[in-house]
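In the two complexes that follow, chain A is the common piece, with chain B as its partner first and chain C second.
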Partner chain A sequence: MLLPWEYGIRNLARRPVRTSLTLVAMTTVVVLILVVVGFVRGLERSLSVSGDREVVLVYSINSAENIENSSIAAQTPRLLTASLSGIWKRFGVPHVSPELYMGIRVGVVDSNRAADLHDRTNTEAVSESDALGLVRGVTSQAPLVRRDVRILSGDWPGPNEVMVGELAAAKLGLPANQIVVGNTLEFESQQWRISGTFSAGGSAYESEIWCNLPDIQSATKRQDLSLVAIRLPPGGSSAEAELFCKERIDLEIQAIRETQYYGGLQQHYGPVRHLAWMVVILVAAAGFFAGMNMMYGAVSGRVREIATLQAMGFRRIAIVVSLVQEGVLLAATASLIAGGIALLFFRGVAIRFTMGAFPLEIDGVAILIGSCVGLVLGALGAMPPAFKALRQSVAVGLKSI
Partner chain B sequence: MHHLKPLWRFNLGSMLFTLSLMSVNGCGTKTGSDLVDGESQQIDSVYVVTEEPADAIPVGIAKESVEGEQYLSLVGTIGGSAKPFVDGIAAFTIVDPKVPSCAGEEGCPTPWDYCCTQNQVKDNIATVKIVDSEGVPVASDARGLLGVKELSTVVVSGTVKRDDTGNLSIAATQVFVKPSK
Partner chain C sequence: MALVELSHVSKRFTKGDETIVPLDDVCLAIEAGEFVSLMGPSGTGKSTLLNLVAGIDRPDSGQIIVAGTEITDLSRSRMADWRAQNLGYIFQTHNLIPVLTAYENVELPTLLLKLKASERRQRVELALEAVGLADRADHYPRQLSGGQEQRIGIARAIVSHPKVVVADEPTGSLDGQTSEQIQTLLQRLNQELGITLLMVTHDREVAGIAKRQLSLDQGRFRETNVRMQPNEIASR
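Coming up: the complex of A and B.
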């Protein structure tokens, strides 16, 4: 015969301080697990949604896997357009996007003082921040190739204007209210008015700053490009572009599908992901031992009660089930609270990394993993102390204080 | 339960059959880079010839001497970059055999990229594309089509073209694969 369900619930309420402490400890463990899983899920999602299978990137063969280091001839887009028959065209417009992509120091100009900027010759003093930002010089053809890009507010950048991604502020380590339409950024010794903001379906572009290609070429005194992005027709093959790059050895370029490029980056960040999963396991193990310690304390103070239950005729297994029920109830409550905290306070929090920024992804999978770990902690953590308490004889247990 | 028994037997039989197929066709097959030195693959391809053309010239010499378009046989070693084959088209790059590739003992995972002798590669590399009777590149992976892999030495015959910037390419109709040493 099992102990009544209410018995376990009442037991939790009988020791409010101990129950509360155990609850706080378990909640902390589950929140930590949710944050770390959210980090891994966010990183994985950012890299997996970055890249379109029908987009081919043409960039320097000498830049290894880093497009920031790539430098190709300015004539490359024209050569590609003239030589490749497999480029997607609509209304006679080839979907080819020449781009200059670089990581440069970006400052934010105080909006109250920005009005004075045009009168000043030395504007360095008004720069409030100086963080490494990702700037992409593009033409009006970029949206033909980068189809995930959506303007959220403002307009496409005009001369000496920029459009900033949703996560650009996080990448720059600034509050979001500083990177808004109408404010001014400073890089390459020039001021750039923010004309608009954009999203890109969670991809890496969201942490970038976009401006007009000729403007950034002029500001950086560069004539070259970093890459050319080409859109293929639906189901098109990248073989023609790859063959062109192999044949034009003098151009020193290579072609790769965008998905392959980001797939390579995902492999590059593999050790970070493995480390994060190790942290999940270590945090869970620490939580398991902390929970077990709490349960040992909880059970050791109830030896007399357990012996009394045995004397009343309850079987040992029924008492173990009741103790596990208490642990699982507590763990389930902790998981619910932790899930709420994670969704309210951590979901979408932007994390900076070398390639930009990504939001913590507290999604269904993260909640499932966190809750499962919490429940397993509650069930397994209660068992060893329960078995220990039951090993004592009933007579000795009844005499204990 | 009696109704389930025949289904179970069928499933077990299917699984064993599938596993046996996998062991015969899947796991045991070697293609491209899976081939080890000394192994040769029997390829039944209209593009592969069994007799080595006698008048083949190395890529480096062709790069200096060819003007415009000529029908020639070139000898070279497949390589020149970490990924010398083009996916989806029977095309690859070859390097003059006189240019030494990185020694495997040096721990280089991709000795066919000639990373140790990169400065010599530019003047000794050519692009090979296998074309059909109409001159259209064959839409098939060269490794499967010709039974070659990285660092295979090949003699390719076809129309050699050198453009204004010095890039050498050959639209090959015949390939002789030299046996590995």
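Coming up: the complex of A and C.
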């Protein structure tokens, strides 16, 4: 037979200060775990949804995995269209997207001050706070290949206009209300009006700024491309494109399925993930000691009481279970509070990193991991003190003060 | 057969080089319904004996049979189950659980018995009435006086209708008047409810309330007030 629940619950209230401190410590631990797990899952998700199996990327052979460094000849799309039979076509239009992709300093033009200055001095606006942005020059073919792209507000960019992804502001480290339709960005010594915003199904494009390919080419005085994205027919094979790139050594290009490309990037971020898991383990260990310390304190003041319960006929296992209940109860409360905090304050918070930005993914899995770790901490933390209390014989325990 | 039978029981403790033998080949028989007091100066092994009868300690040699069960052979968890069914323990300091109310404290041992909720409630209420504290059921131990706490402790010891109730210095931490109340209560429990009691005390006066008085000296019993045939009952 087990001890009543109330016994465990009221025991927690017996030393309110210590219990509250432990609750705070455990809550902090679980919040940290939730954030780290959310970070890892956000990173993984951003990279995994970024790949489309039926899209092949063709880019320079010299740029390893970094497409920003890739430079390929401007006629590559024409060559590919002419040479490859396996490119998806509709209404005679091959689904091929030539793109120029770069990380450059992007500033935002302060619209209020611009208006202000215009009135009086007729001087152009001052651009401020420049951060590294990801700019992609595309043609009207892009949406044929990048099918996840959806315009959320405004329009596709016209001349010297840009369309910004949902997470572009986060990537730039700017408040979201500055990167809205009608505002102006500045990069490559030119001003670009924001014509629209877009989403891309959670993929990496959401942190990008898209403009028309000829505009960015002239602004940067480049005639080349970074890559060509090709859409294959449903279930199509990338073998033909790969073979073509291998045979045309003179073009110095390579072809790779987009899924494979992002898979490679995920591996690239392997150390980050390992580090994150290390943090989870260290933080969890801290929580374990907090819980154990509290339970040691609780048990050491209760030696005679525990002996009394045994003298009455409660088995040792009943006492262990009751102490574990106490620990788990506290941990469950901590997990609940932590889950609330994480969902309220951290869910979807955008994290900037070199590849772009991604939201913290505090999803079911993160909550599950966080709560499980919390509960295990509570249970494990209570065990050493429980066993310590039961090592002593009942007769000796009864004599203790 | 007597309710409690100790035959040739020895218990020794070793502290470093020193060996203490509080019980040296003792024999004792207690019949159902008896009220036995065990007297002796501090440190003579009274509590040790009580704990052996209560099944919370084991002898080094000898046999202890209580209510037909040879308790020296039981495993630790069987022993716990046996205590729940057969034994009530009254402590020197009441040892009530501070986070439980008087009612909940008394109810605790009944949770170890297979009882219907209504039966359980009835038993707890009867036990509280027997010690005259039915009106304090909802009080926490800190809201009770020392004497009341001990009475709740007694109610807890009798609530599961044990075969034997042991009491280790039940009045040891109470003042004179309260001590007398407890003594009267113990006497009543024995006379009116027929509860078999083994009480340890170092106080001659308290020992006097028992019908049969033993004292422990140098590891052996001495019958100080023999009612029954001496050869049948006690001491070697």
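Here, the second predicted complex is superposed on the first by the 373 of 401 C-alpha atoms of A that agree within 3 Å, B and C clash if a C-alpha of one lies under 4 Å from a C-alpha of the other, contacts with A are read in each partner's own complex, and residues count from 1 in each chain.
The working rule: a residue touches a chain if its C-beta (ideal position, glycine included) is under 8 Å from a C-beta of that chain, and two chains touch if they have at least 3 such contacts.
Computed from a prediction, not measured in an experiment: that's the story for all the values here.
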Partner chain in contact with A:S50 - chain B first, chain C second, else both or neither: neither
Touched partner set for A:R10, first chain B, second chain C, both or neither: second
Comparing the two partners chain B and chain C, which touches a greater set of residues in chain A: C
First, second, both or neither for A:K246, with chain B first and chain C second: first
Chain B versus chain C as contact partner of A:S393, first or second or both or neither: second
First, second, both or neither for A:E305, with chain B first and chain C second: second
Touched partner set for A:S238, first chain B, second chain C, both or neither: first
Interfacial residue positions of chain B with respect to chain A in the complex: 81, 86-89, 91-93, 122, 125, 127, 129, 137, 139, 165-167, 169
Interfacial residue positions of chain C with respect to chain A in the complex: 47-48, 51, 54, 56-57, 76-77, 80-85, 87, 89, 91, 95, 97-100, 104, 108-109, 111-112, 156
Residue ranges of chain A touching chain B (in the complex, touch as defined): 61, 237-240, 242-243, 246-250, 254
Footprint of chain C on chain A - complex, ascending: 1, 3-4, 6-7, 10-11, 13-14, 304-305, 308-317, 393-395, 398
